[in-house]
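Before anything else, here is the set of structures, which you'll find just below.
Shared chain: chain A. Partners: chain B in the first complex, chain C in the second.
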Partner chain A sequence: MIGTATIAAGPGHTESPGLWVLAWRRFRHDWIGLVSLYVTAFFLVLMAASAAGLIAGDWGKEVGVSHAPPGFMGPGATATQPAPRSAGSPDASRGQQKDDSGIADPLADVLVQIRAKAPPGSVDTDVADPLADVLAEIRGRSGSAAAAEARAPTLLFGGDKWGRDVLKKAIKGTETSMFVGLAAAVLAALLGTVFGALAGYYGRWVDDAFNWFYSVFTSIPYLLLILSIAAVLNQKGTVTVILILGLTGWTGIFRLIRAEYMKHKVREYVQAADAIGASNTRRIFVHILPNVSHVVLVQLSLHVVLFIKSEVILSFLGFGVGVDTVSWGSMLNEAQSELLLGNWWQLAAATAAMAVLVTAFGLLTDALRDALDPKLK
Partner chain B sequence: MIPMSPLDSDDILVGIRDLTVSFRVDRTTTFEAVKGISFDIPANSTVALVGESGSGKSVTALAILGLLPKENSKIGSGSRILYRDRNLLELTQGEMRKLRGCDISMIFQEPMSSLNPVFTVGFQLTEVLTEHAGLTNRLARARAVELLREVGIPEPEAKIDAYPFQLSGGQQQRVMIAMAIACEPKLLIADEPTTALDVTIQKQILDLIADLQKRRRMSVLFITHDLAVVGEIADHVIVMRDGEIREQGPVRQIFEAPRDSYTQALLLCRPQLARRPKRLPVIDDFLDRAPAAAQDVPQRSRGLRGDEQIVLEARHIGKSFWSREGLFGQREFKAVQDVSFKLAMGKTLGLVGESGSGKTTVGLTLMRLHDASSGEVLFDGKDLLSMSPREAMQYKRRIQIVFQNPYSSLNPRFTVGQILMEPMHIHRLGSGEQEHRDMAYALLEKVGLPGASFFKYPHEFSGGQRQRIAIARCLTMKPDVLICDESVSALDVSVQAQVLNLLQDLQDELGMSYIFISHDLAVVKYMADQVMVMNEGKIVEIADSDEIYLRPQHPYTKKLLSSIPRGWRGPGGNGDRL
Partner chain C sequence: MLAYVLRRLWQIAPTLLGVVLLVFFLFTWVGGDPAYLLAGKISNPEQIENIRRQLGVDQPIYVQLWIFITQIATGDFGVSWATNEKVSEIFATRLGPSLTVLVPLLLVDTLLAIAAAMLVAYWRGSLTDRLVMIGCTVGQSISILVYIIAFQYVLAYQLGWFPVQGWSESFTDNLFRFSLLPIIVGVLVSLAPDTRLYRSFFLDEINQEYVRTARAKGMSETRVMWVHVLRNASIPIITNVMIQLPGLLAGAFLIERFFSIPGIGREVLLAVERSDFPVIKAVTIYVAIATMIINLLADLMYKLVDPRVQLK
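So, the complex of A and B:
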């Protein structure tokens, strides 16, 4: 940051505690803050491990039967849950015939109906499956793979429609949602801080210009703005969501940082910096910025929470991440139709993960603010 | 503990016995602010509680009023505050509230922040009267006008509907006093009531408090750091340091025959108008050994011979501020008008004035910290004010400034090493990291700080030490001119003497020229060769410092000089203060 920060420690001196060390000392006494820090750190590790492919790399693999219930409930625990099928038997509720290879007979429904209507004596003489030969051939070709892939009747925390492990999905969703939240918050904080610093420090027409820009942004209803930017970008994906949230979310940070700069630029230490010949840029970024950095940090963590929730909403509405990625929002979207069938575990997994992280992050923000600003406690 | 001065128990209004107050700093540490003090406040007299910051004088006052913060303060179990045979520390909240504002009331240091800005002074005054005295609104208003007249507010019938911001600082303090005496208190506690005021206003307020005390036969507990003020107003003096009473006694004894070395130090550390020793005595001189008699100390002579080389010359500087009025109109406020002076090499120019006189504006304009509206500043034969920022850069180094508040003029996120080495980086002084570090260490030694300070942050230093760091920062650039803008005003008396000595030593050694800006005439008299008096943006008088103090020409200068508190001047000298 400053050139002199790299001074080698002289012999025998003790390092003096700076602001961050003192803040950490205060923070350590706040057990709620500590617990929330651990929880948040756990989620961060989860995110990193998932991104590196160490865990949940195979989330897309269909390992269980469709809508496999959680392991602790046992197979067939709910009434509407289809019983695990033995190979070849008709699956009434899904109306499709499947076997271990996963290849369904499209005519199975029709056949079942016809057979039901036919008199008892004439079974399997008149109605033959016209596709039976083809199916047999296909099954024969994929036979070796199908045999190896025995589908589990239950999964640790249940499965989704395609039999994917909900736990792994939730971990993958954590990666997506948290990454989007963090990246968008960093983008918003960066924009808000730079704009706020320039507007607050220079004042006059610079301030006016930024304020006009700010007013235009805030005069449009928030969700509408997000949806319109999503429509303009017209490209689903993680990066798009980050851009949408980051480009719309800087306004609050801008106002706060601008006020801080207006307060600090008349302080004597800034005048003293002017007196020793420090340039404007140096005064803005080297002198004042470290003195308002705690505000930025608190705002950053506040916005992470906000953006995680926004991402969930966006994905839920279908403006979020693409179909090939999973986030908490898209999980909740799927959960809508599942819930009608009584399959609650996907909803529970996504909600629990989100609630725990958001609560922990919120408490962490509170504890941070207390530690960084002891006077206001 | 120093023995109590014997007093007739009937005459005692408030007796404080073994008062200890401690504050909780964090989970494990507590700080004892008051360490078992005992003293009496006799009826119908003024008791002064004198001490530097951190001596526990304000904490004592708050303890009497029961206003200490409940969350982190604790009064010792053996402590007693006796008022009319009752121990105030044992009263309930409700009983205490009845007593406060009625029997015991208080005025604070900052009148502006003690008055509520959104209500008229009349409203706030009548509120006290209806609450405590139970008067009806109409009666209360009449009484409020009476009170305002009593504290010397001109046109009280009109001023009663004024908002606090429409009054001057002195008038606001008068309103505060009116509120405090509204219920005829037996004890008035005044906590540094004049510290925030100009010297001429201070004089008026002191006279008013002394006058009210006599007329209403009440007791006053006057808390201050300024012994000179004490000499003017007090009957009894209590000197406190670090939560202990160092000495107490009648004012005459304290001033004429102080027994405690700390009291002696306090009396002599402050620059005085009559003497100008080569070095000001500091506290350590008294605590370690017996001091030399004040008269024997070598004196320094000040003044200009007239043939000195001129470093800097200001010609007709003017600075206006514009405030918007109406839709398109602008109103001009002339902060500085037509200021011209010459600064001699190696000499000190004192700049004296009250708040709003434009003295700080002159300093900031010389530094180009804000743009001048007119005039020129010649330095090395070139006009500093008309230069482009790039051209000015090479001159910027040569004029430096030490600000008033050492707590806000150092960046709290920089270590002392970073603070000192930053100017060297910016101006590319010296070569390389190692030389910068050596220079920084040398400067720390020069301003009397240990080398270990290099790695510390400003918050680890006291006010005086921080001011030393600020001075060292200026010295890194080897300036020709150093502007000291109220540089010692925020410091305690003993620390003030040390910093003044440091500044003088540096001038003797390095031959810098000083522009010494202050509201404190005694300090300016001590430091300056030539004194310039400013009032309402204009120079009213400029002359050699001895000349201006002995033979002031302009009526404003005379008024300023006569307002300086002169301490104890014997029974006759004090009697004529009314």
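So, the complex of A and C:
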């Protein structure tokens, strides 16, 4: 289509608008699509700025007190709100005690037990805490450190267990989750397009081979396949997650692109390309590919959402990004135990960030599809 | 019919071979020698040596492949590396709890989704339709993790309406006490995407001419929708339900993990955490086989629902 448009634009002719120009004209009238495009673009800018270290570079700094509440709730929101129902459990009470002193003596419980066992009258059984000196030193040091950098009692959107700013973590998590989703989707789209193009264009045994490959991959449930590969690789990290998701997620794109190529390879413009002596590779990638690229684009954005969701689940389970990286999944993992203490802000931050991006991306995909393929309606 | 089934079963063979090869190379080449993997996890060197001998690690690759194929054929995957429990035993004991939660979940979800989709499709374009669709879009964008965490916290932990987690020996207790909240959360999560999907199936049918004919001859709207439209829309619905069945076998990983249901999904997660390869291998292979058989069953069901379908 693009090729013919250029040829037709001889003297005396006005160039007819191409597929993308027409699609953009349709897209401009779809206000839901436009809004979701702006939201997605905002997240992309956020991701880029965070990756470049412009914002949230110091997310790991412990700026607030432990479990600092959000600013609008005022300080002491946690103190006045003792963990409901968990007060009876020993873990919770020990947790509170630890918060007060800052550093808990790991031997405290044992010592209390030993001292309790000793008969009350005996003076000889003076059980000394072997860690007392060390602890005193540590407490002194951390006390001076705390004095040096005063910890904020509240943070704009609350703090986590270590007093890190939840808002900054959410931005950093956006960077990780979105990057994984985008990179994995690009990888999957690349594999799916190349495989689908080859299978659909050449047909016969090439098609059989790729179809066999396809049916092997699709006969194992998606999440089970991902978990098996995660088990085998046995290493965490952003690149690992991208590879796992990308290498397993190409099947849907393959199927669609293959069908498109089967449809296109018998069309006149491809026969014409054959007549002027274009090679197979040229016909596949230069002549047909631009005409099916809208399918790839829609699938790409569909898969970004799918992979973001998968990454969140993987990271939540601890098979995803590394421990020193923050993603929405790892935030949700921390939020699960924080919620039991009544601290809902990390859960809210991760959920909100993810919900906004995923909704915007989903609506953008719908708008793209409507704009690129008006026949569908 | 029989010829068709036999031919389809025959076609499964190369795919099954592919799955076996994929799993084998994944775990043998990428996974590496179990001795390195288990070095920190099993302290007894004799046990590791045993595992290596069982897998035939020192033998040529085709011998190892043959060992793997015999394992699949006999169903004897040896013992779990982590707990020494027989893998077949793990399957037998974990399948029950998984099905107790997941069969009612799938049934309730499918029925509710069909009813909801039919309603909004009938009132397409109305405010109800648009509100439900927006609700579905937003609801779908929130991670399943958040639903589970929030519901478990509010309904079970704070309000105490359900047990937070747990499992017992008695079936009725499990179904009506421990499975209730997992089923509610599961239905809620899958309702949104299913309603959206089924709505599009119904919309495809509602504008057909046979619907107009049925109305023209004076049939009630209920009968038109529930008999004529539903039956014609049921083929893609069956496909969608069947696609979910293999996942049922593998269990809903997250639901089982959060609610401590001793099912197959939770077992798989534990196995991945402990690098317990025999368990993961067995689950992957058998679920893949089940998927292929279910696909065949789905095709046979099309014929049952719609006699016009030609099985070739």
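What we mean here is this: the second predicted complex is superposed on the first by the 292 of 377 C-alpha atoms of A that agree within 3 Å, B and C clash if a C-alpha of one lies under 4 Å from a C-alpha of the other, contacts with A are read in each partner's own complex, and residues count from 1 in each chain.
Just so we're on the same page, a residue touches a chain if its C-beta (ideal position, glycine included) is under 8 Å from a C-beta of that chain, and two chains touch if they have at least 3 such contacts.
Quantities reported herein were computed from a predicted structural model and do not represent experimental measurements.
**Q** Identify the partner contact of A:L297: answer first if only chain B is touched, second if only chain C is, both if each is, neither if none is.
**A** neither
**Q** Tell me which partner A:V39 touches in the superposition: chain B (first), chain C (second), both or neither.
**A** Neither: A:V39 stays clear of chain B and chain C.
**Q** Check the contacts made with chain A and report whether chain B or chain C touches more of its residues.
**A** C
**Q** Check whether A:Y269 is in contact with chain B, with chain C, with both or with neither, and answer first, second, both or neither.
**A** A:Y269 sits against chain B, while chain C stays out of touch.
**Q** After the superposition on A, what does A:H29 contact: first (chain B), second (chain C), both or neither?
**A** Touch status of A:H29: first partner only.
**Q** If you stack the two complexes on chain A, which partner ends up touching A:V186: first (chain B), second (chain C), both, or neither?
**A** Neither partner.
**Q** Go through the superposed model and pick first if A:G277 touches only chain B, second if only chain C, both, or neither.
**A** In the superposed model, A:G277 contacts chain B only, not chain C.
**Q** Would you tell me the residues on chain A in contact with chain B in one complex that are also in contact with chain C in the other?
**A** none
**Q** Can you list the residues on chain A that touch chain B in the complex?
**A** Against chain B, the touching part of chain A is residues 2-5, 7, 9-10, 13-19, 29, 267-269, 271-278, 282, 287, 290-291.
**Q** Would you pull the chain C residues touching chain A in the complex into a rising list?
**A** Residue list for chain C touching chain A: 14-15, 18-19, 22-23, 26-27, 30-31, 37, 137-138, 140-146, 149-150, 153, 157-158, 246-247, 250, 253-254, 257, 268-269, 271-273, 275, 277, 280, 283-284, 287-288, 291-292.
**Q** If you look only at chain A, which of its residues touch chain C in the complex?
**A** Touch residues, chain A against chain C: 84-85, 212-213, 215-217, 219-221, 223-225, 227-234, 309, 312-313, 316-319, 328-329, 332, 335-336, 339-340, 347, 351, 354-356, 358-359, 362-363.
**Q** Residues of chain B touching chain A in their complex?
**A** Listed in rising order, the residues of chain B that touch chain A are 27, 364, 367, 369, 393, 396-397, 400-401, 403-405, 408-415, 417-418, 421-423, 425-427, 433, 436-437, 452, 454-457, 460, 470, 473, 477.
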